[in-house]
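Letters are used for the chains, namely A, B, C, D and E, taken in the order the chains are written, and counting of residues starts over at 1 for each.
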Amino acid sequence: APADKAEKVEKINITYVKSPLNVPSIIQKSQNMLASEFGKDNIEVAFHEITAGPKQTQALAAGSLDILNALGATSAILAAANGVDLKIISIFSRAPEAFMIISKTPDIDEPADLKGKKVGGPTGTVLHQLLMAALTANSLTAQDIEFVSMDIPSAVAAMQNGSIDAALAAGPASLRALNAGAHIVTTGEGLVEGAIVVAVRGEFLRKHPDLVKRFNKVHQESLAFIKNNPEETYRLTAEETGLSVEDVKKMFPWYDFNHEIKPSDIEEMKKTQEFLIKNGMLTNSIKIEDLIVTLK
Amino acid sequence: MNHRLIEGLCLPFFIVAFWFIGSGLELWNEFIIPSPQKTWQSAQFLLSEGILTSHVLVSLYRVFAGFLLAFFLAFPLGILTGMKPKVLGYLEPILELIRHIPPLATVPMLILWFGIGETPKLVIIILTTFFPIFLNTLNGVVHCDKKLLEVGQSFGFNSRDKFMKIILPASLPNILIGMRIGLGYSWRALMGAELIAASAGIGFMINEATHLSRPDIIIVGILTIGIIGTVSDHLFFRILHRFVPWKDEKEVQNGGG
Amino acid sequence: MNHRLIEGLCLPFFIVAFWFIGSGLELWNEFIIPSPQKTWQSAQFLLSEGILTSHVLVSLYRVFAGFLLAFFLAFPLGILTGMKPKVLGYLEPILELIRHIPPLATVPMLILWFGIGETPKLVIIILTTFFPIFLNTLNGVVHCDKKLLEVGQSFGFNSRDKFMKIILPASLPNILIGMRIGLGYSWRALMGAELIAASAGIGFMINEATHLSRPDIIIVGILTIGIIGTVSDHLFFRILHRFVPWKDEKEVQNGGG
Amino acid sequence: MAGVNIVGLSKQYTIGDHSFYALKDIDLNIDDGSFTTIVGKSGCGKTTLLRLLCGLEKQTEGTIDFTSGKETCKTAKRVGIVFQEPRLMHWLTVKENILFSLCRETKSAEKEELAEKYLQIMGLAKFKDAYPSQISGGMAQRTALGRTLCYDPELILMDEPFAALDYFTRKNLQEEMVNLFLAYGKTIIFVTHNVEEALFLGQKVVIVEGGRIIQIIPVDFPYPRSYTSLKSLGILEEIIQTINYGQKSSSLAG
Amino acid sequence: MAGVNIVGLSKQYTIGDHSFYALKDIDLNIDDGSFTTIVGKSGCGKTTLLRLLCGLEKQTEGTIDFTSGKETCKTAKRVGIVFQEPRLMHWLTVKENILFSLCRETKSAEKEELAEKYLQIMGLAKFKDAYPSQISGGMAQRTALGRTLCYDPELILMDEPFAALDYFTRKNLQEEMVNLFLAYGKTIIFVTHNVEEALFLGQKVVIVEGGRIIQIIPVDFPYPRSYTSLKSLGILEEIIQTINYGQKSSSLAG
């Protein structure tokens, strides 16, 4: 509404999540793209490093954050379904290959071998969904394995000492585990998309649609930068994440940073919501289409 | 007693009233602090399904096992180092180091050494509980009245007698306060402990509710820990007092009748 | 002094030796406990780039700010409730409740109330640090020798004088031990505190290293917290002792020279 | 200065589930500027009486009124007590203990002077920097005495202040007390086990037995007194007799 | 039973940066089964001597040998000390305090009997269930005395055990001590400020001044003694004179 326009925004609070390999964020920050875009209007851009999805949505609900630059689709759905006023404005990345089930035991080669084994990983996440999808694809059910709930670092550590047979892993953790002798049982390819989205606070979007649009523009600029300066991008990413350039190059192709929301993405999110409901992790449901805002 | 209860319930009453009113007037975000009604519904659901009870039982076991293990490590070590400063000299730097390290940081190592069963969870609780008991016991022993110790010495008491008949009763207030702080921290350590591959427990319930964005369950969990913790503290130290054969000077003065 | 140092370094020396040998013989998984050489390299890298130092400075600020705030809340409250049991009656239940609640569980509420700046981090540290100081102070005041208090009473001391001239010096050992435990917990709380939207700090460094699977950095972080914590404890209580105008009975006996 | 008027004073204590009167129906009038000594067997209630007088204990029955000239009030302004045990602050030196009662505002020159004076009187000058754990029993008692005198009370209650002192130190301090009394006209109530001491010091000797006053003996003998002349009075034996064969009420009445 | 042989005993203390001898060149022979009393001014070193004897303090110079018949050893088997302050365990009742020294293995019937006996002697039977904070100063001192006697030591060291007691209680207990001494032939070393008491009790009165023994007066008068007959001996005055005009060595030798 035009009346709200009078309310001057002084500061935009944005999350800054660099891992697992959030190249566009890294570029936006290192190239001062947002600062120079909004600096024109004397608007400060504050970056907040909040990695965990639930914490991002909590801070958003509390009004401390305006834009969540890289939020797992699962977290977005959970929060929205439980009443948080948030909207998805674009896709940050899809990385089916970055999410994987890994194992150190030689006799677990493919998901079918997981029958009767212990698998560890974070509950209610893309990774969990991946596991379920992989089981279903191999005519197994949740009852056929023993699932142990833990975060990724713990799962990898537990796999290393043999407490569990397979771990759900993503990002640098999986890369290092692979370097340390683990092998991939399956990735998300063909099973889950592993979408990471860009979400904004509903109220912020309603009051300042222009700012959101300008943010979206900067996001596109960063994608262009990545396309045009690959070597520079690798270097900056390596610097920021502490990974080696080789590792970055190895991981980079796992990610698809196309920001457009395609119908397939919406389908995928619906599947995710179904998965959450089916597994008793979500009781309410939300219409996914209502979550999506298309910026013109 | 009744009077004290009423006094004590004043502040909680106001807080709950404020919660009701604030939620009614929508003073804050429903997603972070759900209304009392909604919280109560969730609590009832969790209770009626027996979910809450089973979580509580699992956590109770962990807390008490962890606390007792911590006690049986910290208490004798506090006594030993208090009575033999030489031993303290050897152990102090390493204990000081451990004392400052966040137990959560050691989770990967704990998993490596202890797997993902109950052991690493208990170790987290022990690491959190150990130091208040240890340091307060040590302090009590070190500051034990020298004049009373000399009485024991003059009667040719051996270390054991000195300990049992003088040091222990004299430093009991300190030891008890260390145990109370320790027991409190045992409850607090649950969240961290039950991050490690738990499938039940109040800490697990809260962790999961956080992941699944269920603030109502988080609040139920917080209140459950708070209440069960308070009650267990009360019971534990009541019972302990029964077993303690000596009366506190204060009690005697406040009416020995 | 030198002698004591050597005694104290015995155990750490054995542990480091064990680490060297174990890593050399590949007794454990390099992925979780990297070799001393590798850890040393990472430490050097972090140091030479100034990264470690800047993390340490940020955390030092948080620890001391949090600790001091906690102290200035807990200490007066401990004194007040110790001297006026009536006030304790009103506050006890709510304090007991809070004492058992894991501060980490309250993070969503902290974010709601305090945003995501420094405040919620400090609040986490305060919540962790408050109780040892509070309970030990309370304990010290409550168990203060009645006979000495009567001396003050007979001289018509007002509450302030009674406190400054009798209660404080008499309960100083208890208060100090509460502060030491509290300061230790301030360091430990860093991990949790710096989970909330931090971009620097030792706790943040460890959290990030955990996510990035950099066990070498985790170990550097753990050791840094351990060492800086120990040193800060030492310095802090040395300085404090200077400012304390009364001598401890023990010190007098151990040679007043 | 302050006199005391005690009427029907009783104090009941409970040990276990057993109640008894440590003091029963005490009537006593202490004149402003008088020196009263109290004698009696161990456990007869002397300390209890002093504790009631300085407000450390609440009476079960009866009243205590403090008089100052024609005024009467329930609480005295400056009542100083020397406890039966030294009760020194173990974290303060002898000198600091002596100055303990002084408020912050007292000038340090004045403090020095006071400390000097009482260290001298108590014969502790050489030990002014010692801590309580470093001095002898008698020294501790003298420090406690110095501390109370330094407070400069109008009414001085003394609970066997010289019990741990040898013959000569005791004698010196007795004379000091008499000097103090004569010079400043303080009101002094002095508990002692030593009947000779009671006679040497008091204008009135109060004999307590089983929580009751069984006799009050006036000693109209001018100060300074001497032990030998007191003996000739012949009341020493009388008092001893009274205490020993006095009204034999058990102090445990129940 | 145990005698003591003290040769060249000295004890140095440091207060601040000031060192001095609290005891200097003490030579003293205590026979097995003898009763020795020690008198001297406050701060002269009496307590220090007892503390050295029961091993609570290490001497700076000199030797202490304990003799038992013909044997000599460095540590005595059972030395009991009554401290100058009661030092009761505040969490135990009077009765429990009296039985404090007994080991766990002592049968409870035997304990009851011992408690009964010493509560009776000390006149504390009615207060056996009271806690130290509930009894009077004199009662506390008697409790401490009972505790040490209950330990049944071969060598009993007593540091002004009757200081807080009134004339009669004191007299009763003096007689009890003499009975105990006569009946069981214990070796007793008894510090007191009361010269009459020293004469009434001791076979040997040791006068200490400024950390040195300045005189040892044998009292060859058979037990039981009476105060009046002691006076006729005329040594009372002599002792008082000795203490007062004795070798005036300062106890602070800095």
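In this section, a residue touches a chain if its C-beta (ideal position, glycine included) is under 8 Å from a C-beta of that chain, and two chains touch if they have at least 3 such contacts.
Since this is a predicted model, take the numbers as computed values, not measurements.
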Most contacts overall join chains B-C
Based on the averaged CA atom positions, which chain is farthest from chain D?
-> A
At what distance in angstrom does the C-alpha mean of chain D lie from that of chain B?
-> 50
Geometric centre distance via CA averages, chain E-chain A, whole Å = 84
Interchain centroid distance [CA atoms averaged], chain B/chain C, Å = 17
At least two other chains touched by the same residue of chain E: list those residues.
-> 15-16, 85, 133-134
Pull out every residue in chain B that's touching 2 or more other chains.
-> 29, 32, 107-108, 111-112, 146, 210, 215, 249, 253, 256
Multi-partner residues of chain A (at least 2 other chains) = 58, 61-62, 153, 157, 160-161
Show which residues of chain A lie in contact with chain C when the two form their complex.
-> 13, 16, 19, 47-52, 55, 58-59, 61-62, 64-65, 152-153, 156-157, 160-161, 171-173, 175-177, 180, 241-243
Within the complex, which stretch of chain B touches chain C?
-> 4, 7-12, 15, 28-29, 32-33, 86, 89-94, 96-109, 111-112, 128, 131-132, 135-136, 139, 142-143, 146, 173-174, 177, 180-181, 184, 187-192, 203, 206, 210, 215, 218, 221-222, 225-230, 233, 249-250, 253
Sort out for me which residues of chain B touch chain E in the complex.
-> 147-148, 150-151, 153-156, 161, 165-166, 169-170, 172, 246-249, 252-253, 256
Chain E to chain D touching residues, read off their complex | 13, 15-16, 18, 39-43, 46-47, 84-85, 126-127, 129-130, 134-139, 142, 159-160, 163-170, 193-195, 240, 243-244, 252
Chain A contact footprint on chain B (complex, rising order) | 29-32, 107-108, 111-113, 115-117, 195-199, 204, 208, 210-215
